[in-house]
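My questions all concern the structure below.
Note that the chains are named A, B, C, D and E in the order they appear, and that numbering of residues resets to 1 at the start of each chain.
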């Protein structure tokens, strides 16, 4: 697959496949939440997923990270197929970083400890080095001075930026975001989006569930619209927003853009 | 101080003094929150107070209502000096209504009960009469149909309007507002501001802590800027916004208007 | 004064145990029965003319003295040993002895012990809150023996432990031992050892300082004892008391002669009422704990002095 | 379609995929058993262990219950009937059941009265516990104590009627005067109520026969009834005291606050049993010579003290959970302390505290068994005292203790389920 | 700005201000409260002083130095029936602390196991635990104590079966491993006896414990500095056992074991855990365990699912997620109620009186009170002991709570 012509400038999409999802199905009990998902993500691609509530966006993203098990089809992340083998799961998780809607920082650890915990215990990096890396990423998200505070002492926007830094400390090759800004006050959304844009500009492969259309326009290579567990439409942002094809996409876009 | 010549049309400022604050100082422990405050408010005047967080705006407003005690200087409200005499405090509180950032409606009482509680118990007005008054003011804030609901069943904007109605039911001559819109979603801000504008047009004396500059421009006779417990600058809205004098005011205005 | 209080109240508040078979125990209908209970009833009959005008207040070893001292009860008829310190330091008045007891030991027959001196090293169940604990400690110390005390709160639980074999020896007053053994499934599997390690004169007591009231209780008890000696019984008391007979002491006792009742502030028929209500001492003994009952105690020391026992009433004169 | 989008990203779904049933291994009882019982080796071992425990317990219990006998007048009869079949001797329950419930002294022909009183409890309590019931039903609750008192203790109806009249009159006086000030109102209420009580006492003394049912003195209460009486009376009394203590502990007045803190911490620091000892052996010293409270009254005083300290702590939690804005809103409307407490703070704080109070109540109810240690014949006291020591039944423990367990379990489990329901209710309740 | 005016001068004091002025009002109220308080205390004390019995007997703690006269079975310190009442009380207090300590330890173990298992996805196990918790929480502890005491007396084999029959033949039952015997008179276990060199062995053992902590620190240090994970579990166990055993062998077994041996009536020597101790200990731990289980469950549930997921998403293994993320957070929720459960245990040990365990309530509040009749003094001392203990624990708890409180804005 060729690089897209709609690439925002300065962002590179390579030919390597980062994530390959094939015919994936998932049920919760007898409820069919993901139906025949097919999705290939190239390294360096930035994908925005949107869709109405309950359409399975979070579930899809969490399947990639093995936080949920899928029951049919295959998911291959960075060449490693996702099986129930713990080693594979470990490998994939150390390749893939994830940010949640509610940040999920560890409230009993300082920002610095939050950022170094996984590198020390999973990657077995000496503490010193881990702290240097952490500082580097904290600087990147522009809050190095908060390193010794506790999450409870930070604002929501700051917390989400710490969460991003924490994921980055594991030096993932792919980042997943699940509505990273929807729990934030409007003033804080911008600071988080800025951080994400910066990340995108550096070429990180990103899958992002979000309804921030400005962000999608600015950084995404592709926007995916999901409904009722299916991928209903996907396209480059410009055509997607200006000229949606599917009825449901149109309806959805009219709602969120009008509002 | 004379009435300002920049009165918005249709609003009357009389010569009577509503609030007279003289050389007032307040400490929290050893922290000097209010320093030498001098402020005279004429009957019918509408004053907006702004300033950075922690500058003592809330504290000033709460002193006027005797929610906080001041330690030096005098506050005279409607001719009654604020002393530690409970009778004076009662008198002042029944003259002065107050609206809080978080509405502080009583969640266990219906809207109607919220509005009639104080008139019945403090003003000793018969219940019937109190309910009529309450209905009158609920109509004024445009939610008479919600009278029998509980606060938890109303949106934030509706709750704030109920809070205003509740204060008005005590037929206060002065209204204090402490950031009445800052806990509200953007769509709701307008409905509350509209109510306040209407109140202003009817000639209510108002002191309002807010950062809604549009509102300040539209209704205020005077804007006061506070920083570090002091009144740093005050002026009519137009000159205040277009041509601030003090450095700190300039900095502050650049922040909030830019953002 | 206590007498006036009791009369005004119309009932006598009498402290008893929470349950020792034969001595004080509510029956299946909740009516208190027993040897100690009879003393309460006799006093009530003497003072109020009604043997049922008694409120029984169950007390434990811990609460009995405070109950009496605080005036919650007017008298305590609860197998309480008359000791020096209780009489003096705790400020009570013992008015007499209604049962001469002594602490004994019960062991299973198959333990192979025939004397308390062979008990070195045994496990002993004791009911706490009584003088038995002190006697036991003294007895073993004096004899240079060791033992493992197992203190138990109620008699019923002590028996339960003893029967389960959780202790080898159960010690308490011999009367209680006999009473409880009588209730065993196999009474013959247990034996009472011959040693009596203490004197346990049990009797009713009242508060110090109200001598009039003490006199009433004392002489009611004595009236029961004298009645037995003089041959007055529940059956014949009505008849003997209806008119003066030829024995002047009987006449004085039953109020047909002299002013004894008035001397202690009661009716002339006080003693007659008491005897009519519960019978004389011998009858009380026989109906509650005597050999004819399940408890099956012999009179022993508690026979009249005329029969070689210690039961002796001063003369009614 | 996967082909299509692999090379050009634009993709539009034309056909709806219908939901499919999950693969068979993912449904049904098999899956449930596999996931819930045998998901791993460790889990399998646990399952087998658990089953063994259940089997062991049942193998002991079932024969005991099934083979048990309910007839006989003494343990000897039981032994004969059972012939060592391992069954229980439930005859003791059949014979002593009324005693377990009412103690051995409550006249048997009057037992219908407390039974009725407790039946009425099911009418009186729900209006307090379930907010959704109509408010007028609270009248039943308010009347209940007087009716129950009359039924259980008996005597002339004048006493409870005038007590009730006193309370009502006091309440009216209070509401009349309250606008003048809370303290004045309280004073007026208390004075009017006291006057009514005094008149009532006078009339009751003059007319002891009016509407009289047979009186039963307190010391004749016993059995499970005593546990219930102590539990209900002490909890009801301790709630108002607890509120006062909690408010006192929040007070800014050092003397008041100090007293409340010392009281609460003292009571919470000592075991209930020592307080019962106080009731039993010490309290008499501190009352005027000649006053002669029943033991039950003294015990009620001490248990009430005890539970009010715990309830005060629960209510303090409720007060603390209330946003400060509520107090300030009350102040700014011009309500005084008593008004804002009564109208705004307490109604909300108490509602938050109800689950906690219910928990204290359950604990307290269980603790009423401790009175058996000071020679009162509650359920446990009945079993340990008269029943086990009676010659007919020495040696039957299991049946009696099982009955006690069942009685307590039913009541306590019921209440604690209620409090959990309530907690869920309050969590979702928007009001 | 307005012209400066002087603040209004304070007027003279008026009586009305006592009620109407905020400044004086609080003094007025406090004064009234104080007067009421003094009056009511005065009334109580006056009653006591005028009480005829108290007047006669007086308040006098002198009885504490009189010989107690009774024997106590469980004597952690030297005691004979000739020792003083005070010494008996001290023994009682120590016994209280012994059973409270034991019960706290086992209740915690029961509680943690039940709490964790109740969250297990094994249906049978979680239901069993629910039954356990509800059973024990909803039935009074006094009943449990008595039931377990009865069970102990009736289900353990009678000691008679261990006795050597008088004809000299073998007993029906022997000691388990020659060391243990569970009988209905209690459980007999071996006792350690020390020769003088025994302290060296004990010292070695204590040093090993210190060593284990050292090892853990070292392992952590290694991980932080070199990113190497040093195994801890097996080395710790080895460290605990090996040096002590070596020392014991080297010094020629200075720490001996005294096994119980059958005497005329029961085992002599060794250490006896009496049925009263067992019943109280077990009943308190299993009863309180049910409450602790609920606290543990609530604590674990209080850590949101997001925390586990976030940790998993970072690649942490489930065991590490538990130890690094969930437990540290859950403990903050669990520990404060846990401590108050410990306080409850301590207070509930006073129920020892129901099974004749000689704790403080059994000695001072039981036999001493009975024998001397000094009710007021005994009850006062009893309360003072429990109060001091509770207050000390709550003080420690407050310090702990403050130190672990999550930092908020």
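Criterion: a contact is a pair of C-beta atoms (placed from the backbone, for glycine too) under 8 Å apart; a residue touches a chain by one contact, two chains touch by 3 or more.
What you are looking at is a predicted structure, and each value in this text was computed from that prediction instead of being measured.
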| item | value |
| --- | --- |
| Interchain contact steps from subunit A to subunit C (minimum; 1 if touching) | 2 |
| Any chain that touches subunit D and subunit C | E |
| Common touching chains of subunit B and subunit A | D, E |
| Relative to subunit B, chain with the most remote C-alpha centre | C |
| Innermost chain by mean C-alpha position | D |
| Most widely separated chain from subunit A, with each centre as the mean of CA atoms | C |
| Result of counting contacting C-beta pairs for A-D and D-E, higher pair | D-E |
| Geometric centre distance via CA averages, subunit E-subunit C, whole Å | 43 |
| Euclidean distance of C-alpha centroids - subunit B vs subunit D, Å | 48 |
| Whole-Å separation of chain centres (CA-atom averages), subunit B against subunit C | 85 |
| Subunit A-subunit E separation of Cα centroids, rounded to whole Å | 50 |
| Multi-chain contact sites of subunit C, meaning residues that touch two or more partners | 62, 66, 69-70, 153, 160 |
| Residues within subunit B bordering two or more other chains | 86 |
| For subunit E, residues contacting two or more additional chains | 52-53, 150, 353-354, 369, 375 |
| Complete list of chain pairs which touch one another | A-D, A-E, B-D, B-E, C-D, C-E, D-E |
| Sites on subunit D touched by subunit B in the complex | 179, 323, 325-326, 328-329, 331-336, 339, 343-344, 347-348, 351, 430-431 |
| Contact footprint of subunit A on subunit E as seen in their complex | 223-229, 304, 306-307, 309-317, 320, 324-325, 328-329, 332, 406-409 |
| Complex interface listing, subunit B residues touching subunit E | 1, 20, 22-23, 38, 40, 72-74, 81, 83-87, 89 |
| Contact footprint of subunit E on subunit D as seen in their complex | 35-37, 39, 43, 46-47, 50-51, 53-54, 252-256, 259, 265-266, 268-274, 277-278, 281-282, 284-289, 362, 366-367, 369-370, 372-373, 380, 384, 397, 401, 404-405, 408-409, 412-413, 416 |
| Touching residues (chain side subunit E, partner subunit B) in the complex | 1-2, 4-5, 7-8, 17, 20-23, 25 |
